[in-house]
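Quick one: the structure is below, and I'll ask about it shortly.
So that you can tell them apart, the chains are marked A, B, C and D in the order they are listed, and the count of residues begins at 1 in each.
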Amino acid sequence: MRVGVLCSGGDSPGMNAAIRGATLRGVDVHGFEMVGFVDGWRGFRDGETVPLDRPAVRGLSGVGGVFLGTSRVAPFSSVLDEVDFDAFRARVADYGLDAFMLIGGNGTQTVASILHDHGVQVIGLPKTIDNDLGGTDYTFGFDTAVSIASEAIDRLRTTGDSHRRCMVLEVMGRDAGWIALHAGMAGGAQAILVPEFPESLEQVCEWVTSVRDRGRSAMVVVAEGFRLAGADHAVTRDGLDGFGRPRLGGVAEQLAPLIEAGTGIETRATVLGHVQRGGAPTAFDRVLATRTGIAAADAVLRGEWGTLAGLRGDRIELVPLAEAVGRLKTVPEDRYAEVRLNFG
Amino acid sequence: MRVGVLCSGGDSPGMNAAIRGATLRGVDVHGFEMVGFVDGWRGFRDGETVPLDRPAVRGLSGVGGVFLGTSRVAPFSSVLDEVDFDAFRARVADYGLDAFMLIGGNGTQTVASILHDHGVQVIGLPKTIDNDLGGTDYTFGFDTAVSIASEAIDRLRTTGDSHRRCMVLEVMGRDAGWIALHAGMAGGAQAILVPEFPESLEQVCEWVTSVRDRGRSAMVVVAEGFRLAGADHAVTRDGLDGFGRPRLGGVAEQLAPLIEAGTGIETRATVLGHVQRGGAPTAFDRVLATRTGIAAADAVLRGEWGTLAGLRGDRIELVPLAEAVGRLKTVPEDRYAEVRLNFG
Amino acid sequence: MRVGVLCSGGDSPGMNAAIRGATLRGVDVHGFEMVGFVDGWRGFRDGETVPLDRPAVRGLSGVGGVFLGTSRVAPFSSVLDEVDFDAFRARVADYGLDAFMLIGGNGTQTVASILHDHGVQVIGLPKTIDNDLGGTDYTFGFDTAVSIASEAIDRLRTTGDSHRRCMVLEVMGRDAGWIALHAGMAGGAQAILVPEFPESLEQVCEWVTSVRDRGRSAMVVVAEGFRLAGADHAVTRDGLDGFGRPRLGGVAEQLAPLIEAGTGIETRATVLGHVQRGGAPTAFDRVLATRTGIAAADAVLRGEWGTLAGLRGDRIELVPLAEAVGRLKTVPEDRYAEVRLNFG
Amino acid sequence: MRVGVLCSGGDSPGMNAAIRGATLRGVDVHGFEMVGFVDGWRGFRDGETVPLDRPAVRGLSGVGGVFLGTSRVAPFSSVLDEVDFDAFRARVADYGLDAFMLIGGNGTQTVASILHDHGVQVIGLPKTIDNDLGGTDYTFGFDTAVSIASEAIDRLRTTGDSHRRCMVLEVMGRDAGWIALHAGMAGGAQAILVPEFPESLEQVCEWVTSVRDRGRSAMVVVAEGFRLAGADHAVTRDGLDGFGRPRLGGVAEQLAPLIEAGTGIETRATVLGHVQRGGAPTAFDRVLATRTGIAAADAVLRGEWGTLAGLRGDRIELVPLAEAVGRLKTVPEDRYAEVRLNFG
């Protein structure tokens, strides 16, 4: 059994641990031959691979990023409708591959599902810091991102309190507010703004003011995809400001002056950015990723093609890819209500 | 509705977040009156309480330990068979309490279950760094303990590698090896020794030797409750060594010289001890604990007495206490097999 | 002896430890009476003070920010030339103060020096994350800021490597590049750009390209005050872009597209922002700040007015304020040369 | 110019950064040829070396331990009085070495000084987590050890407070109490016990009791080399207890029951052990070590043999080895007095 491992999309802490888990289990226990594609589909396209074995993955469980590299290169040279799957399968045959492990988020797992429908033997390993993938309780990388954002909140609080300022922290989450929700809850934020639930500027200002009235300084956590409710306010996502000029700033930089104007409280924005996805994974993500890799290797052994190795409670379970992909997992109303009732 | 909050047993990171979550939800949203007992059953016995409201729990989500204090004082002055539950209920009535939130591990939740059987309106909040409680995927405090132990492994590895030494790290886990299993997996340990699965000294030495033969230095993680298989070896738990003298050291200090003698490889022991249970909780534990507290407050509102607010997947669910207590949740064979196959 | 403690300017990790050290030494050992002004000169102006004693500073050595608050309110209501120092001294007498401890950076210590010249008994405690103050080897807060920036570099590296991207990190340092220099050296950055030493865009691009040519991904650390050498490039500081529009982004956001255009290598900017100054101080800063506070209390006892408690080697020494203030301590050529020779 | 790099003694965070700094400067800037000896004098004896160049030191500034390995193997096969220095110089000539960089603590730098007296061209790089070496304000590794110990104190405090227990933390420091002094000060310990200043058990118990009387829980930090003052108490170092049995425990494990007996306060001991010397160095140590390596390479270029690259204030200066070695740098009375006055 010869297995190819390929990463696609943004990197996520834990990818190395997942590849290490899959390799140790696949090669040493099940006797697979394994290869990794360098920079994802780019390596697949260009024929760039590295052999995966114990020495190749040594010491990697706690290392951030992904040593194989990843890219946003697409797997097919044409649009999906017209993909020549015979050519794709021929390319797979060129590599002598019996099976594929695809490590990626929603986009990648959708591709995995399509490949499975066209007879490619594939197992999906869910990965995204955004946690917006179905079929799994959590994706590896998410806990690390939340942990970094939570530490940033702890830091911003002390400087906010010292200056009686409102601090606004922007975290990742274009379509799903999971990082904002968990980090904000962990840090005791007084308002958590997520894409799923627009709030009006008046409401946000009321929360900030009520915190000040209790003698504290407000901490607002906002996901990058959040939009203010109502038409009068300018926090938009189209990349242009009201003068038709390209925007440089994110939602936090747009929101902070609006809050300051609306409350009279000095307000400062911080955009956490790329540090959220980098660096050593948390122990939680290392364990989740390692177990995901092990489960994927076992799934290859048993031929459970077209599945995703997802976390269900404290177990890794194989979920049909078709069930997991297609729709984004967003923050449900009850989870938002858990925190919103105590905002301010 | 007047609710008493009481902690019992060892402290666990996240207890403050749980009390904060329960208080903000209970007092501000549901309109409860809430009091905390100082030092657990000691405060209950001695009449020492503090009011719980928003100012009392301010800024506590990220603070380790528990501000109410906890103790191992027992709730009843006599053995359970002869407990005068009428007297106990009278004491509860003295405090004017309608309901109890009990934050604790196996022992405490067993008490909670008994109290429920005798008509006390009680909700359990599961807490233990050992993760050995049923009815929940994970207990808060566990992720923090694993995180600290995992960081210790990362540190010990570099000094072990520099000196070509075998490093043995002892972590908590008297009856269940969860901390050793997760931290060892996160840190890529070459042997993880847990109470549930005795291994022979020969086997342990073989793993350590095989690591050396690959040019590396072995990292062995051992739970305090681990015992060597077979009668010939002296890692015992009875507190006496072979000369009938009291032992000072733990299992790591006993194991290290045996490994050194058995392999010829210099071996050093480290006992992580109390640092495992202290300090700021991880973001994961803060979120889990906060949600547990919120769910407990909601359970009080709905009168779902005799239940435990447990984590099931990504949801908090109320589980009958009777189902959760009584047996320890230990590491199952398949979880140990996940790692054991790749030892050495 | 009645001593007033006052903080001014931006907050800096270690301020609480300094106040704690001064208070424990001043009150418990020397028998002073001490008061703190809330929000710096604002509290002085408005008569808002808190007593400082052991309970007031309990547990504060590891807490970020400053519990007294700080502000940028000026000490005098008029410009310095026309300051009515008699009125100022009368205000000091109103508070019954014999001496002042002023905790602040260059601006604050300049004020301290002027006050001393006009007969106010004052001791300066140097504080700034920027490390740009004379009279001391290092200011407390600097090590924490460097530590946070260094950790951000570690995180950005792994995501940069995974995507073969050049990562640009902007850190604080408007006029002095100390944070960039130390964090960049700690993180092994391939280019460190500081205000003191402009470099041309061509030079920066050459460094980035040479890193890529060695098969790695470049890490560029840039202080906010850095400007490109030469007139052709647009990284300016006047707050307007080439179209006369207000700039939202900082130097990193301006530099990144220029590097990408100049090298053809995908480049991403991160602005670290306020997280640099917040949160728990490092052990180094806690010790430095505590010792600074102790030395300041001793200086008050001995009446060594008009001095700054500065670090010299491993000792705290009292330096005349007049020597310490007036000029910024910037990165000298030999320190920049230490790193520049190995850029790329 | 061909330069050998050799580490001796225990590992210390920053050693990799020092070798990296020396290599980048020596090879890339000065054009040296450089080799490292594997496992210190063992590699020298056995002829095991690795070439040092840019790829060899890539990414090492933030990595703990030392990739070359280190050992306690002695440099000479005979006692120093009878060392055949001709043979030693011949061995150096075999390797074609013009100069040596010796990275180590007191013992190693004493050897360096002797070698210099016998005509070997040597530069010393001071390294020890204990900070007990003369000729430098601080040694790299110390700040990391202090940082780890300080974090352990933060953790132990929360569990100590929760249970109203006295916590005793043992840190490294056989002859010098620097780690205990700095970590204890950073963590606000209520008693710091160092080898330089014995205290009686009565005094220690009085401090612990006074903390309890203020409603807090005492934190005691003790260096491994501390001994109780007076003959009646049993904290000894001879490896035997009062029954002539080998002691397993360290000073904390001996002290804790004495404190508990003397105060009636439940007391727990933690021995930090090897985690103090492992893992990623702090930014401070990375910078200090890198600069030390750079300065050592420059010293080789200029032929400043027989010197140690020490930190003096914010500069690295070359100090004659003869001045630096021979006596241990211990905690002076004024530094101990800084903290002792506020114990309890």
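The rule is short, and it goes like this: a contact is a pair of C-beta atoms (placed from the backbone, for glycine too) under 8 Å apart; a residue touches a chain by one contact, two chains touch by 3 or more.
Everything numeric here is computed off the predicted structure, so don't read it as measured data.
In terms of the stated touch criterion, chain A and chain B have no partners in common.
Distance from chain B peaks, on a Cα-centroid basis, for C.
The centroid of the Cα atoms in chain B and the matching centroid in chain D are 34 Å apart.
Rounded to whole angstrom, the centroid-to-centroid distance between chain C and chain D, based on C-alpha atoms, equals 30 Å. Here the spacing of chain B and chain C, counted between their Cα centres, is 42 Å. Touching two or more other chains at once are residues 151, 154 of chain A.
Inter-chain contacts, as defined above, occur between A-B, A-C, B-D, C-D. Across the interface of their complex, chain B is touched by residues 20, 24-25, 28-29, 54, 58-62, 137-138, 143, 146-147, 149-151, 154, 182-183, 185-188, 214, 216, 282-284, 286-287, 290-291, 294, 312-314, 338, 341-342 of chain A. In the complex of the two chains, the chain B residues touching chain D come out as 10-11, 13, 15, 39, 63-66, 69-71, 148, 151-152, 154-164, 167, 243, 245, 247-249, 253, 268-275, 277-280.
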